[in-house]
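The chains carry the letters A, B, C, D, E and F, assigned in the order they are written, with residues numbered from 1 in each.
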Amino acid sequence: MSEEMSESGVVKKFMYVNRKAPYGTIYALESLEVVLIAAAFDQDVSLAFIDDGVYQVAKGQDTKSIGVKNFSSTYRALDDYDINKLYVQKESMEARGLTDKDFLVPVEIKTAAELSALMEQQDVLLSF
Amino acid sequence: MSEEMSESGVVKKFMYVNRKAPYGTIYALESLEVVLIAAAFDQDVSLAFIDDGVYQVAKGQDTKSIGVKNFSSTYRALDDYDINKLYVQKESMEARGLTDKDFLVPVEIKTAAELSALMEQQDVLLSF
Amino acid sequence: MKFGILINEGPYTHQASDTAFQFVKAALAKGHQIQRVFFYNDGVNNATKLTDPPQDDRNIVNRWSELAKEHKLDLVVCVAAALRRGIREDNLAAGFRISGLGQLIETGIQADRLVTFGD
Amino acid sequence: MKFGILINEGPYTHQASDTAFQFVKAALAKGHQIQRVFFYNDGVNNATKLTDPPQDDRNIVNRWSELAKEHKLDLVVCVAAALRRGIREDNLAAGFRISGLGQLIETGIQADRLVTFGD
Amino acid sequence: MLHIVNKSPFERNSLESCLKHAVKGSAILLIEDGIYAALKGTQATARVQAAMQDYTVYVLQADVDARGMKGRVLEGVKPVDYAGFVDLATNHNAVQSWL
Amino acid sequence: MLHIVNKSPFERNSLESCLKHAVKGSAILLIEDGIYAALKGTQATARVQAAMQDYTVYVLQADVDARGMKGRVLEGVKPVDYAGFVDLATNHNAVQSWL
């Protein structure tokens, strides 16, 4: 399959739009699972964290007491797969009293306008 | 079971709190299915329609084109089961541009404050 | 005190079943009774024995089955909601039973408190 | 034009699968191709053959199976999401197949448009 | 780009988020419970009317009818059927669902 | 009565609806994604602080910790564990979940 991709040489821009908080629902985790697979396909991948999605990459997550798997360290592994375009939406971050020091991975802070411009360039948008 | 109920003679106040629009999700339908069963138990049953829940009892629903079952006529059957305490929250109705003429069954319009007072008297609150 | 529990969402997708599980464990630890745990809406999906999550994650279905065995919990799956979603005796996990919505009303009547966990 | 379809919610509980179905039918009627329908998150629950809704309601699972047969649709259920929720070959409805997430990425690459239906 | 919103503006922030991120000239399609944003005389009406300066707003008529809201759709919001939905997805280079 | 809210105030209207319908003196417990309402320095903070004049607000600490929000909980919001959650349900005559 990936051979076919290489042969065809198609490289599309994929953006994963994450708007939901972690743990309350599974979307953050299952979105991340798609991203990890996407890494094998040599596409142009970026992740946008908007609204409550910014909480997905918040530092210090400790799920021991809720008895649910803590998957936040997986975001740190993304860089090993050359996935390093992680965008946090500025207004969403600020509305939640967060700053660029509060994230567990390096992220770029983008205003809504900047992120809109990036979204416009995408071929495929995946939102969970 | 209902014999046991009669013997014990327990009558509790059950309120069904409906806050979601119909068809987008199944909660309105499956809440109604509980209410129909509840009718057999000789309990004190009331239904509150709050927020988008007020849309559940809106007139003129026609689901032909979405290919989903139209269950709105079932609200009309409630009266046959002696379930006739249907409360529509006034502020929710007004925020949606609806009036007391827009409902498919007779409902009482209650302010948030009035409904709060009724809620306080309940033994069991079921929300879907 | 006798608690009735209503779970309206399926496993993994929403935290409802996880929170309910922790609540039930804590209530039992305090010596309370669990009159019944009723599974409704997508909650019926907590009862499939075919679930097989990744090794490093909790198995929500087994956890309920085990707690039910240990404490003789009555785990009831609504038959109408279950049929709509493909849960039957064929794929029902240990410790669960399928029954009618009357069991939910009965829980409302018999339990001192009904606590609902959903979306 | 080639459409890829992603369905992220289960049958009945959310309208996602219904809307996607109407979209796919309309696209086919216009002569478009459906490159693949991919079921993810609770969407995998659309693929259980054990579903048995009331007589007067639509059968969402059968509807997909029949449309797949008629138009040779490729209905793919994500294996990881399916195992988590108890969907396996044992209870898989006709016309669906279980495969990896790579099939979703492939759809993103090969289809001209990917349209997502969810909660 | 085609933006799709399927949630009520009274219940969730998805329409609001869409409006913050859709560039001028985009198309916005309201489906499922999203159709409640397309109606006259509600607390969301002014917001949507303002948005119509910058965007073309469509509504899936089937979902309007299902919910009994026929005849309440705001002037200027364009009704489409499922075939029209397909055309919208065809005529825009990408589709973003605000889930 | 004990009111339970499990959704983020930024995403849904459930906290707002709860605050409109809970009578003075009620207890409100924030769980799951509802805990984001209990935090300092957010756009929801003022609303919740005002509500604390009329209600006792509790937060499930396990859900705060899970989300990495330890140390951000507003002063005056009372943390509880699952046992404390059980006690709240025991000590109030009924429980309403704002789903």
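Quick note on the criterion: a contact is a pair of C-beta atoms (placed from the backbone, for glycine too) under 8 Å apart; a residue touches a chain by one contact, two chains touch by 3 or more.
This is a predicted model, so every value here is computed, not measured.
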Item checked: Set of chains adjacent to subunit C and to subunit D -> A, B
Next item on the list: Note down the smallest number of touching-chain steps it takes to go from subunit B to subunit C.
Entry: 1
Item checked: Chain separated most widely from subunit B, comparing mean CA positions -> A
Notebook entry, point to check: From the centre of subunit E, which chain's CA centre is farthest?
Noted result: C
Note to self: When I count C-beta pairs in contact, which pair ends up with more: A-F or A-C?
What the structure shows: A-F
Item checked: Centroid spacing, where centroids are CA-atom means, of subunit B and subunit F in whole angstrom -> 26
Next item on the list: Provide the C-alpha centroid distance between subunit C and subunit F, rounded to the nearest whole angstrom.
Entry: 24
Note to self: Can you list every residue of subunit D that touches 2 or more other chains, as numbers and ranges?
What the structure shows: 8, 12-13, 15, 19, 22, 41, 80, 114, 116, 118
Margin query: Going by the contact rule already set, what residues in subunit E reach two or more other chains?
Written below: 6, 10-11, 13, 32-33, 62, 81-82, 94-95, 97, 99
Notebook entry, point to check: On subunit B, where are the residues touching two or more other chains?
Noted result: 23-27, 51, 66, 68, 123-125, 127-128
Note to self: With touch defined as at the top, which chains are paired up in contact here?
What the structure shows: A-C, A-D, A-E, A-F, B-C, B-D, B-E, B-F, C-D, C-F, D-E, E-F
Check: Can you list the residues on subunit C that touch subunit A in the complex?
Finding: 12-15, 18-19, 21-22, 56-58
Note to self: Show me the residue ranges of subunit E that touch subunit D in the complex, using the header's touch definition.
What the structure shows: 4, 6, 31-33, 62, 81-83, 85-87, 89-90, 94-95, 97, 99
Notebook entry, point to check: So in the complex, which bits of subunit C are touching subunit D?
Noted result: 10-13, 41-42, 45, 48-54, 57, 61, 80, 83-88, 90-91
Check: Where on subunit A is subunit D touching in the complex?
Finding: 1, 5, 10, 12, 14, 26-27, 30, 33-34, 37-38, 40-41, 43, 123-128
Notebook entry, point to check: Which part of subunit F faces subunit B closely enough to touch in the complex?
Noted result: 1, 13-14, 17, 20-23, 93-99
